[in-house]
Amino acid sequence: MLSLTLIFIASIYFPGIIVKVKALTSGRKGPGILQPWYDIFRLFKKGSVYSTSSSFVFQIGAVVYFSSVLVAALFIPFEENDALFSFTGDFILFAYLLGLGRFLIILSALDVSSGFEGMGANREAFYSLLIEPAFFIMFSALAMFTGYSSFHDIFANLHYDNYFSIMIAIIAGYVLANITLVETSRLPVDDPLTHLELTMVHEVMVLDHSGFDLALIKTATNLKFVLFSTLSANCLIPQALALWERVAIFLVLQIAFAAGIGWFESFRARNKMAMNAQYILSVSAVAMVLIFVIIIIKNRI
Amino acid sequence: MLLYSFFGLTAILSLTAYFVKSRNINHGITLAYVGLMGVLGYYLTQHVGKPLNIFFYCDTLGLIFYFILLLVTLVSSIHYIKFVTFRDIKPNVESLHNAGTIFFTGAIVGVLLTSHFGILWAFMEATTLGASILIYHNRTSESLEATWKYLFICSIGIALAFAGVLFLGLAGQQVRNIDFSFSTIRSVSTELNPVWLKACFLLIVTGFSVKLGLVPLFNVDIDAKDASPSQVGASLSSVLMNAGFIAIYRFYEAFSHTSILPWMNKLLMITGILSLFFSAVYILKVKNVKRMFAYSSMEHAALVLIAFSCGGIGYFAAILHLIMHSLVKASLFFQVSQMHRIYDSKLDEKIGSYLRVNPLGGIVLLLGFLSIIAMPPSGMLISELMMFQSLIANNYWWIAILVLLMVLLIIYGLAIKMLGIVFLKKSSASINIRGVTNFESVIQLVLIIIVFYIGLFRPEIIVQSINSAIQSLPS
Amino acid sequence: MANFLIILFIMSLIYVAKVEMVKSYFSLMAVQGIILFGLAYVELKENEIVQLIFILVETLIFKAIFVPIFLSRITKDKIHRHHSGPIKGYYSVLFSTAIIVISFLCGYMLHDELGTDADLQAKYFTAAISSILVGLFIAINNRDLVTHLISYLIIENGIFLLSLALGSSMPMFVNAAILLDIFTSVLIMGIFFNKMKDYFQNTDSSQLSQLKD
Amino acid sequence: MVTVFNLALLISFGVFILPKKWKYPLSIILHLLLVASTTSWAIEAFTTDGVTIPLGISTWSGPVTMVIDRLSAYFILIINLICLCGILYAGGYLKPYMSKKRAVFISLHLFSFLWLHGAILLVTTMRDGIAFLLAWELMSLFSFILVIFEGQKESTLKTGINYLLQMHLGFALIMIGFLIANNQTGHLSFDGVASYFSMQKNILLFLIFFAGFGIKAGFIPLHSWLPRAHPAAPSHVSGVMSGVMIKMGIYGIFRVVSLLQDSLMAIGIIVLVIGIVSGLMGVIMAIMQHDLKKLLAYHSIENIGIIGMGLGIGILGKAVNDEALMIMGLAGALLHNLNHALFKSLLFFTAGNVYYATHTVNMDSLGGLIKNMRYTSIAFLVGALAISGIPPFNGFISEFLIYSGILHHLPLADFSMSLVGIGTLLGLVLIGGLCIYCFTKAFGMSFLGTRRSEITQQVDEVPKGMLIPAVLLIGLILSIGLRAPFFGGLMVDILEQLPGINPSNLIREEISHSLTMTSNIHILLLLITAGLVLIRLWAQARVKVTTGPTWGCGYSAGDFRHQYTPTSYADSLRQIVDPLIDYQRNYKSFGETEIFPPPKTFHTESKDLIEEKTILSWVNLLTRYLPRAGVAQSGLINHYLIYPMLFLLILGLLTFLNVI
């Protein structure tokens, strides 16, 4: 349960920090840390407008998206056996659950028969198709490294004893960070603050969602963000330390991560659309490097 | 003695059939002749393996082919009765045709039952003459041309075959002065000079290839089957093919215990493969349905030779294949005559959606198609399987692959045309529905179902008779 | 004697190759028949009378008299000059000479395969093979139906020579059957030949090509 | 029971005699008879270890006896299920044809459908070579007749002939395989193959069999018949063909694999690589299609590829004797057979519904069907989620087994095996992602949004009868998703019976544990979703919910033409896989002086590059140039005499020189 609580805590201030940092770096005062959540709560209370061309798929899309992310959250461990579910190859189910949510959100985007949203749906499907290999390669590499293949066992057995394994930690962290950016559609792949629908990916898909559904989607997105950042934190936090130390490090890491993203986003422009595929594939390529590092460490060659 | 009287009666009946112009009596005579054949058949079953007299004897192979001949002749004469009712045939044409049928059949009986190379040759020539009468039936320029070509090429082929017989005589004469009966030749064959035996066999294969419809003399055979009425095409490509095969088989068997056996096998293999190639080429090319069936007969004859030249189980496969092919191909040719009545054309682009026009006939055509491409439940699957078995047993890998490729091409050609006929809707088809008669289709269906039965259930009698027919061959 | 006749026969073969007029074919057939009779007579002098009569009938009556007359009857009107094939004039003579040389080679090679009195047999053999091959060559080279008939007869002559050479011991009535077969085939061919003339005014076989793929 | 089985096949000829309206009921009854008899045998085979039933007839290889072990029994159950669904579906689907077509066509169709069912059953139960070959070829034959149901169209007939030829080629290869074994051992049967494997090198004979069965299964590059035949056939036939018939190829490969003795490493690698290629190319080609049924056909290739991957890693597991890898791989492959049978037939039936209602399956002109055909679209959605391997449905379970097999092996894999493992993993992941891409396209374009062409006729939901099979199949799909451990255990039981495989309890524990977790999570997921739906209802009951036009980003005159089309949806992928496909655009661009340009058309199609390169080029070469060799039949009689002369001279010369 600890991991869940941590995830929820983190997800409360995470989006706020990003916004705040971006505002500060651009010389504005910026809204309060909790402003994003105020918006979400307001949305929950609002009524909603549905496109005439939409159907029940549109109605359940957001719900399934949210629930899939929620269930996925139950896989994330933080300390000894506190992940609700942990079994061999659970990270596969984790990924496929996110896939379920993605499937439905894409369908609900296609349901409103809008050219823009179709475009967004297409991009979403395409990018996630390209990024998934990175995730799998990375975790199977860690499985090769640790000899276990469930989140919990992997993280429990990540011991960085020699400098090679430090390298592993760095690469894994890097890959996970990139996966996070793509999965939650931040810069450089997608710019949530853009105002031109033609250049949106995630935002344009939810143009026609409103009220409760939109709130669910935003919540789910924030949650997803923190899920991935937690995974990368798990990669970096040494297991040797005491629990309170690790919690502290975790919270600090989260804040640093959020701030880093804000900082990064305020100085980096969005990729050209054509560049994205290449960029995402390069992440998978880096993940492949991880495999070879491990093959060398385990001297299997 | 009964045999001589049979031949005598053949002559008499055919003459009477020629001079009697009344339609009913004419057909009556033909059917009576078939009955006579039945009687002879019964007599033969009593004397299997025994010499009937100095020049004739009855072995199992001859008996099998005899009964196929009986069956096909019966069916084709029945079909001819239908045929003349649909076409207005002049009485003299009809009577000549019946006379020719009787003469032709008698000649083939002689070929099947003789035990003497000279007589075998003589009866072969006789079949040529009879066949040329039958081919000329339609009295069109086409039939005239086909008849002339058939007659001329056959005569030359037969002449070459006779040269072969003479070489055999030379070889025999060098040993001691012997007669030309199979048994004698077989008994002394090891002493004979192989050079002359080779010359003999080469000339025999060349000469009789026209009856089997194989390279090198296949062309006129195709023309004959095209230009003659369909039931003639049926007997040419079933019973005459068997006769040609048995002629070559006699020589092969007589020489099979000498040193030239491998050479003979190679020769037959080469002939078979060349024929297979040409049949494949032409089946892909032809537009005319009857010619297509003629080429498919050529293909099957080629397969028979290929199987036969492998020896061992190949012998069995060859004879089984011949039996079933005779029945299937006959029924297909009969069906063609019905199609010709309905569409008044032999070109495949003018014949379409046959299953819709004539359901039973369509079924016959479909089943016939399945049979000749050796799809189950057709028995040809079994014989072709045995053929491949013998090829593999001899490690003829490349030949097996080649044969497979050719057969696939042939199936493609046949499928495109025959299935097009059965199913496709052709705009240029002009349909005359009163040509449809289920009676004939039922008969043809029976023939095909016999083949299916053989393919599925392995009738003991056939297996045993084939085994006893090939037991004298080297295993 | 036999050698002389064989030489004569082979010369006749060369002559066949350069024939222009259909008529001369017939006379040539008659000549060949007579030569064959002579040969047969020489071969079978000491045999019994029946054989002799039979040979007489087969060669003199049939080959030398009946066939030429029959042919000249069926072709009497307006067929004088036959359509020569792609290989014309003295080229065809050269060809047939070459064929004869080849068959001499054959005879020489097969000499020691032949058993008793090989020398004489080899000569017959050579003549026979050259006759068969020349017959085939003529049939291939010419498109005229009469010429085709003639070539058939030449081949048959060759086969008769072969039977003489090999002194084959066919039973009597097999010979009869053979004779009958040749007879009927010539007869039927003649009949069809007439029908053919009625159908396609002249007798150029290249008109008989509607059956093809 | 034997009599019931034989009787059903015997009475089938009555279909031809009966009047039109009785034909269909009779065939249903006969199907039920077949199902009843064989199912009882199958269940018996599961409880005991194998039954043998003499059918009382004898063919060229002696009396025909059915030998049913668990593997056969498993396939029998799949066959019966799908064929039953097929014939139930056919009732509705054939109704329009009943009046159009002549009785003989209907009876031929129903007869062939029954005999296809029977023949497939025989294929799974025959061990003797000749009987197996007969059954195999009968299967091809009757499926061929079913494919050309619309045979009066030339394209359909051509497709059918193409199919027939390829099946015949496959048959020939299998036959030659058996004959080679027979040549060595004297047994023309699977036993003969087994003893051959113990005597000789395995790889050659295995490759021959693999090619023969692979044509039926549709492994790339032997697949080219598949995307043509399935769209041409009526939907119930496509469902059965893709659901069970192509599985017979897998069945045969399973049989042969279970007999293998040596060179497992090489064989495993080959199967695995072919599997990966088939999976990836299959789904990529599927994404490029406009025709819904063709898209599904390519997905059959993709799923066969997944099965091949499972099989391949199973063989590799046997080679490196890692039990987990072997069992999980093979179990995954086996289970995926069932799964694919379920969702693929479901998808084909629903595609058939679409055709029934709209008379087209071209996605470019579909769309918005979800409003008219609610149940059909729900069924299709379930099928789409299942085939994309998305929890909580069945497709995920089998893929998960394969994944976890690899993950078990990775820690202890050597260099080559770890590369192989990662490669397989990568392949599976990519296939999964591409599947989502493809089926969001398929479902979204044909059911969501609004119709992409002027509505010509009113579209209505199909009759209830055509939805019954869908309900049945959905039930099974869900039950596999939620009761995974049971099915996983079943697979292990089946594998247990194959020679050389005896799974330990450890692996059983492992599988059942992880599958139990998976199923629980699936249930939890459903519960949470349901709860959220309730909350959402409660929340929306208290606020104002209205409907309005789609937000057009300021442009208010949008109509159906502004929607994303299948082509544009596929385009972003097309740009990166361009070298793998032969993509063609046909359009006329605007001329410089065209001030008032006329209406223009734009048409794209993507041809199958592999098919063109491997098969079509050769076939075209042969069929075009071989007829030119036909110069012999010149019609000139003096030519006909050249051949004997040449024949005599050449063969005489060869003889004289002792060449022959």
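A, B, C and D are the chain letters, set down in written order, and residue numbers restart from 1 in every chain.
The criterion applied here is as follows: contacts are C-beta pairs under 8 Å (C-beta built on N, C-alpha and C of every residue); 3 or more make two chains touch, one makes a residue touch a chain.
Every value quoted in this text rests on a predicted model; they were computed, and no experiment measured them.
Novice: By label order, what chains touch subunit A and subunit D together?
Specialist: none
Novice: Report which interface contains more C-beta contacts, comparing B-C against B-D.
Specialist: B-D
Novice: If every chain is reduced to the average of its C-alpha atoms, which one ends up farthest from subunit B?
Specialist: Farthest chain from subunit B, going by C-alpha centroids: A.
Novice: How many angstrom between the C-alpha centroids of subunit B and subunit A?
Specialist: 79
Novice: How many Å are there between the centre of subunit B and the centre of subunit C, using C-alpha atoms for each centre?
Specialist: Using C-alpha averages as centres, the distance is 31 Å.
Novice: Take the average of all CA coordinates in subunit B, do the same for subunit D, and state the distance between these two points in whole angstrom.
Specialist: Subunit B and subunit D have C-alpha centres separated by 44 Å.
Novice: Centre to centre, by mean C-alpha position, how many angstrom separate subunit A and subunit C?
Specialist: Measuring from centre to centre gives 100 Å for this pair.
Novice: If you look at subunit B, which of its residues touch at least two other chains?
Specialist: Only 148-149, 152, 156, 160, 282, 285 qualify.
Novice: Touching two or more other chains, which residues of subunit D qualify?
Specialist: In subunit D, the residues touching two or more other chains are 630, 633, 637, 641, 644.
Novice: Can you pull out the residues of subunit A that are in contact with at least two other chains?
Specialist: none
Novice: Following the definition at the start, I'd like every touching pair of chains, please.
Specialist: Pairwise, the chains that meet the contact rule are A-D, B-C, B-D, C-D.
Novice: Touching residues of subunit C toward subunit D in the complex: what are they?
Specialist: The contact residues of subunit C facing subunit D are 85, 109, 133, 136-137, 139-143, 148, 205-206, 208-213.
Novice: What part of subunit B is in contact with subunit D in the complex they form?
Specialist: Residue list for subunit B touching subunit D: 148-149, 152-153, 156-157, 160, 198-199, 202-203, 206, 209, 215-217, 219-220, 222, 263, 266-267, 270, 277-278, 280-282, 284-285, 353, 355-356, 359, 362-363, 370, 373, 375-377, 381-382, 385, 388-389, 392-393, 400, 404, 408-409, 411-412, 415-416, 419-420, 422-425, 456-458.
Novice: Going by the contact rule set out above, which residues of subunit D touch subunit B in the complex?
Specialist: 57-60, 102-105, 130, 133-134, 137-138, 141, 148, 151-152, 154, 157-158, 160-161, 164-165, 168-169, 172, 175-176, 179-180, 182-183, 622-623, 626-627, 629-630, 632-633, 637, 640-641, 643-644, 646-648, 651-652, 655, 660
Novice: Touching residues of subunit A toward subunit D in the complex: what are they?
Specialist: My answer: residues 44-57, 60, 63-64, 66-68, 70-71, 74, 85, 87-90, 92-93, 96-97, 99-100, 102-103, 106-107, 110-116, 118-119, 121-123, 125-126, 128-130, 132-133, 136-137, 140, 143-144, 146-149, 197, 207-208, 211-213, 216, 277, 291, 295, 300-301.
Novice: Which bits of subunit D are touching subunit C when the two form their complex?
Specialist: Against subunit C, the touching part of subunit D is residues 630, 633-639, 641-642, 644-645, 656.
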